[in-house]
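For clarity, chains are labelled A, B, C and D in written order, and residue numbers in each chain start from 1.
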Amino acid sequence: MQLAREELEQAYKQMKTIREFEEHLHREIMTGSIPGFTHLYAGQEAVAVGVCENLTEADFITSTHRGHGHCIAKGCDVIGMMKELYGKADGLCKGKGGSMHVADMDVGMLGANGIVGGGPPLATGAALAAKLDGKGSVAVSFGGDGSCNQGPVFESMNIAAILKLPSVFVYENNRYSEHTHCDYVIASESIASRVEGFGIHTVKANGFDFFEVHEVMKELIAKAREGNGPCAVEFETTRFYGHFEGDPQNYRAKDELKDDRENNDCITIFKDKVTEAGLLSDEDINKLDEEVNSLIEESVDQAKKSPLPNPEDVTTDVYVSY
Amino acid sequence: MTEKTYREALTDALFLEMRRDENVFVMGEDVVGGTGSPHAEPGFVGGVFGVTGGLHEEFGLDRCIDMPISEAGIAGTAAGAALAGKRPVAEIMFCDFMGLCLDQLMNQAAKFRYMFGGKATCPMVLRTTYGAGMNAASQHSQSLHPLVTAIPGLKVAMPSTPADAKGLLSTAIRDDDPVIFFEHKTLYTITGDVPDGEHLVPFGKARIVSEGDDCTLVATGRMVSFCENAAQALADDGVTCDIIDPRTTSPLDEDAILDSVEKTGRLVVVDETPPRCSFASDIAALAAGEVFSSLKAPIKQITGPHSPVPFAKELENEFVPSPTKIRDAVAEVVNFK
Amino acid sequence: MTEKTYREALTDALFLEMRRDENVFVMGEDVVGGTGSPHAEPGFVGGVFGVTGGLHEEFGLDRCIDMPISEAGIAGTAAGAALAGKRPVAEIMFCDFMGLCLDQLMNQAAKFRYMFGGKATCPMVLRTTYGAGMNAASQHSQSLHPLVTAIPGLKVAMPSTPADAKGLLSTAIRDDDPVIFFEHKTLYTITGDVPDGEHLVPFGKARIVSEGDDCTLVATGRMVSFCENAAQALADDGVTCDIIDPRTTSPLDEDAILDSVEKTGRLVVVDETPPRCSFASDIAALAAGEVFSSLKAPIKQITGPHSPVPFAKELENEFVPSPTKIRDAVAEVVNFK
Amino acid sequence: MQLAREELEQAYKQMKTIREFEEHLHREIMTGSIPGFTHLYAGQEAVAVGVCENLTEADFITSTHRGHGHCIAKGCDVIGMMKELYGKADGLCKGKGGSMHVADMDVGMLGANGIVGGGPPLATGAALAAKLDGKGSVAVSFGGDGSCNQGPVFESMNIAAILKLPSVFVYENNRYSEHTHCDYVIASESIASRVEGFGIHTVKANGFDFFEVHEVMKELIAKAREGNGPCAVEFETTRFYGHFEGDPQNYRAKDELKDDRENNDCITIFKDKVTEAGLLSDEDINKLDEEVNSLIEESVDQAKKSPLPNPEDVTTDVYVSY
């Protein structure tokens, strides 16, 4: 826990922002005011934040269908994101992308992705760009356990390895892809052992603990920056909600979710650690919570008030010029 | 006849065909849903749209196979199994994902018979969903039937009613050629009378949805009801239309379309894809080549614009052809001189 | 002006653009040919068709990258690099292999800008070869430009002469949108005058190959010379044709085509793809919708049949539109009444 | 070398038939009478034959662009193949397929394949069919070193493993994919170690030695037949000709080819072994050689005399019915 106070505050605030963002959506989706397919990241916050706190805006990430956490952690504007999810004209993507396509080139966020396994090839390209530019940037791809069975993901790992790219493959193993358990569908002993088969140095780590994530990533990302080629991590994690809203989740063990919420809530774990170690006080935490809550409220407020897209804009933004 | 949803009609066909022929099996992501889970009995989902629900209870996990997220693997495994004598019904959750398995469809399944000099058959069905209308944005809302209609060796079915859903799927499963089967996401919950027991709708035989004198409307899937809607409004103004649903875009019932255009002299083709190299342009070009002398007006295509499908409702609604746009187009060609 | 082959003209463009902008780099299978070989200096091949030959000697292996046989990885890496500010020129050896990387083209590169609300650019070029004529059989002879022309967000170029090969490739590389660049395998060895130094041919501006009064012929790539051949024969019979090569199928120079059809009143579209949902039907439908009143005869499409491309010479020759078939089609529409 | 005399004769004859088939093509391609793209299998015969001698017609194989050897070894009619390569109407595929698409369903040969990595997904499907039929058939996919970087190949291995299919993945590592050396382009330590990463039992073996190939495959195929799930082999091998005719092959080491021809010719190795061990005499070999030569001559003769396809047949065989 060699982190400065501001770093701890920042980490907590980021995790909490993601959580509250998702909790809001969870409530709001029921009302029908959030259109489309929305996948919530709640439960996995320590991974996104633990990874991205090691990155700068000059670094790249690619994300998944479950992308809100990665976006917020990488620095996408929360208000712009909320507007986007409400499908508003001044959303981060002008209401054209929605939950599965939030992106912001300005902060190196190359997009959530509706295609499982869509991100890693793009991150490989960004890593190649970084290598060519020679300024020490890295590219991180996030992917779920399910994504590790996609052919283009394998191809990307091989390409990153042979070209020695500054590419970090992060696998968030939350045990399920939709209704399917990872043990059924992944033939290898683990994702990590499979990735090792590509000659890529791979670590398995606890994704419930921000500090472990942060430490593991610090070292790996530093190595990637230095030109040592790609590396990978498999994080154990959990999602607090169903794959989609209304998912009865009866593919999970009886008390699995209750147990995860009680014992594997990365935000509780973080809070307990920092308060027990006397690094942040309950008061500090409360203050941060309030900041987060008012940001989320503000974002919802603005999102609801924001203008709807103009139907005519359906044909803009297809090309730079045509 | 029983009133059923489009979804139920599809499930019905699967049950009947799997009972009839033990070579038929289903495979895809979560088609059972939870196979191999250490925690639960498998079989909770039956496909994210519920079409394969309950099958594994009757036919077991050997014939209802949950697959990894490996679209190329799914399509390729299906093609190989079909080549080896089985009749797989594979599911690709959204047709948008065909970008990941086009090689297996276009270069393998579609071409085996030809490349191998007529000595192979590949009786696979690839079921998939398509279409806009759920705010699912650019990667989950496409209508990619033109892509596969263009490919010689494939057949392409697109039911627009529960009865056709059952009848076309049954035919697809018994067909000896590879069939891409498009189910419109927004149609799963529509209801209609569906024949009980065996029900086969032949490929290449259009459904004449309604008959009229002034204009021919050609549409598939969700667009058929949009055309009906437009036609009703037009009828109030004394304009009547033939509405033709080809049911299968390949093979195509050219005669039904051309006969109608010869009668009406006018053609409006409606489809929810972008305009270029589309099924709409295919039909328009067909008529422009074959029944030119009968044409009284320009052939109109009502399609989506040349853009991806957007997320927000207001934009998506603008993307999809509306009954109003269809009506205006018909009015325009009817008034053309 | 220097007389160059189509291949040399392409290489010329690559040299010039790589010199001009250090963000430009080439990548693909064997584009250097032998990188990392323990036995030899890399650089023997320069692409199996030789287009990237010699580049690595000037620009080094950082900017000339041999890739594994991973088409999805190649296209995805290119798309990601472009999103991150580079200008990759990726090679997919045969367009037939786009079935393996369509997701990266259709769902990623083509849609970034739109999905991300206009805030991203993806200036990649994907060079590939196409077309029949080498007895390469069904999986190495396809013409898949309709597939990508249908996809909003992509641009599609198809040079038919050495000068256009250079000019269109240069433009493609400087273009800020993703471009699929089709090189016809049989054209690599044709020669023609090519401007020295910078030469840019704008997208969406057709080449008027020849002018005439009786019929409009639209064709791209190898089919352009087939049309010229047919037109010469027709001229002997006093029938003259406009021949229009759109150069880019997306964007499309609709005006050039429509103006010509308005003048001639007749249209024959020639393309070597199968007929369904094709570029030929796209052009035919355009004219049938936009210049109906000028039409004096049915619109004819001369395409390959609805079959894969066969291996044997006799069959392949029958598959590909021939000057004779083109001539007959023009004669037919000119004599139509 | 626990093989009966007839088995040895059969193995030799098969290898020699492939070799002479290819030698004929090598000469003939120069003359222009063989249209299209033709990739010669000469040098790798021990692999195709060593594998296929363990298979029956009820077993399946998928092949590659370099498929003549696999076809002959699996029992495709040699005369029909030769006619096919000459593009004749009575060729095995009526002149529609050519070199890259030779196939014969009757003998379980599911096709050469012009798409690198195209075969394994199909073999996975055939293996699934075999499993469902429960009669002990297996499906073998052949693939080159270059093919092991294709995403669909990875997906196939995972699918075969999770479904425990009777699927055998054979990798023929002839060190090159076109002009590219396998060490540059395959990130893993070896193909075998990568495949192991999928939880698939994998063996590395000498593909120059028919007997080693045969023995290794005998065991693996037997296990696959018994329902133990997939397995894989990486065979070291070499191709005696360029990737295409006219390929100057200057990506190879100076004496590599000469060395391979002198020391790693699987046919010479076989001959030496069986004659030294007294299992077959020089005379036996000569007799077999003559049989092979007359078969090849006969096939060329017939191929040259066979009728050309009828142009009208371009549109037949697309569908069973349409």
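By our rule, contacts are C-beta pairs under 8 Å (C-beta built on N, C-alpha and C of every residue); 3 or more make two chains touch, one makes a residue touch a chain.
Keep in mind that this is a model prediction, so the values were computed, not measured.
Novice: Looking at CA centres, what chain is most distant from chain D?
Specialist: Farthest by centroid: A.
Novice: Using the average of all C-alpha atoms in each chain as its centre, how far is it in Å between chain B and chain C?
Specialist: 30
Novice: Just how far, in Å, is the C-alpha centre of chain D from the one of chain A?
Specialist: That gives a centre separation of 46 Å.
Novice: So how far apart, in whole Å, are chain B and chain D when each is placed at the average of its C-alpha atoms?
Specialist: 39
Novice: Just give me the whole-number Å value for how far the CA centre of chain C lies from that of chain D.
Specialist: About 35 Å, centre to centre.
Novice: Send over the residues of chain B in touch with two or more other chains.
Specialist: In chain B, the residues touching two or more other chains are 36, 67-68, 70, 72-73, 96-97, 99-100, 103-104, 107, 114-115, 137-139, 152-153, 305-308, 310.
Novice: Give the residues of chain A that touch two or more other chains, as numbers and ranges in rising order.
Specialist: 93, 95-97, 101, 113-115, 149-152, 155, 158, 162, 184-186, 318
Novice: Using the definition of touching given at the top, classify the network of chains in this structure as line, ring, star, complete or other.
Specialist: The chain contacts form a complete graph, every chain touching every other.
Novice: With touch defined as at the start, can you tell me which chain C residues reach chain D in the complex?
Specialist: Touching chain D from chain C are residues 29-30, 33-40, 44-45, 48, 66-73, 96-97, 99-100, 134-140, 305-308, 310-315, 317-319.
Novice: Of all residues in chain A, which touch chain B in the complex?
Specialist: Listed in rising order, the residues of chain A that touch chain B are 35-37, 87-89, 93, 95-101, 113-117, 146-147, 149-152, 177-181, 183-186, 248, 250-254, 256, 308-315, 318.
Novice: Which residues, counting only chain A, touch chain C once they are in their complex?
Specialist: The contact residues of chain A facing chain C are 60, 62, 91-97, 101, 103-106, 110-111, 113-115, 118, 120-130, 132-133, 139, 151-152, 155-156, 158-159, 162-163, 316-322.
Novice: Where on chain C is chain A touching in the complex?
Specialist: Interface residues on chain C, with respect to chain A: 25, 36, 62-63, 65, 67-68, 70, 72-73, 75-86, 88, 103-104, 107-108, 112-121, 152-153, 155, 175-177, 204, 251.
Novice: Show me the residue ranges of chain C that touch chain B in the complex, using the header's touch definition.
Specialist: Its residues touching chain B are 72, 96-100, 102-107, 110-111, 114-115, 137-139, 146-147, 149-153, 250, 252, 273-274, 276-282, 284-290, 292-293, 295, 297-301, 305-308, 310.
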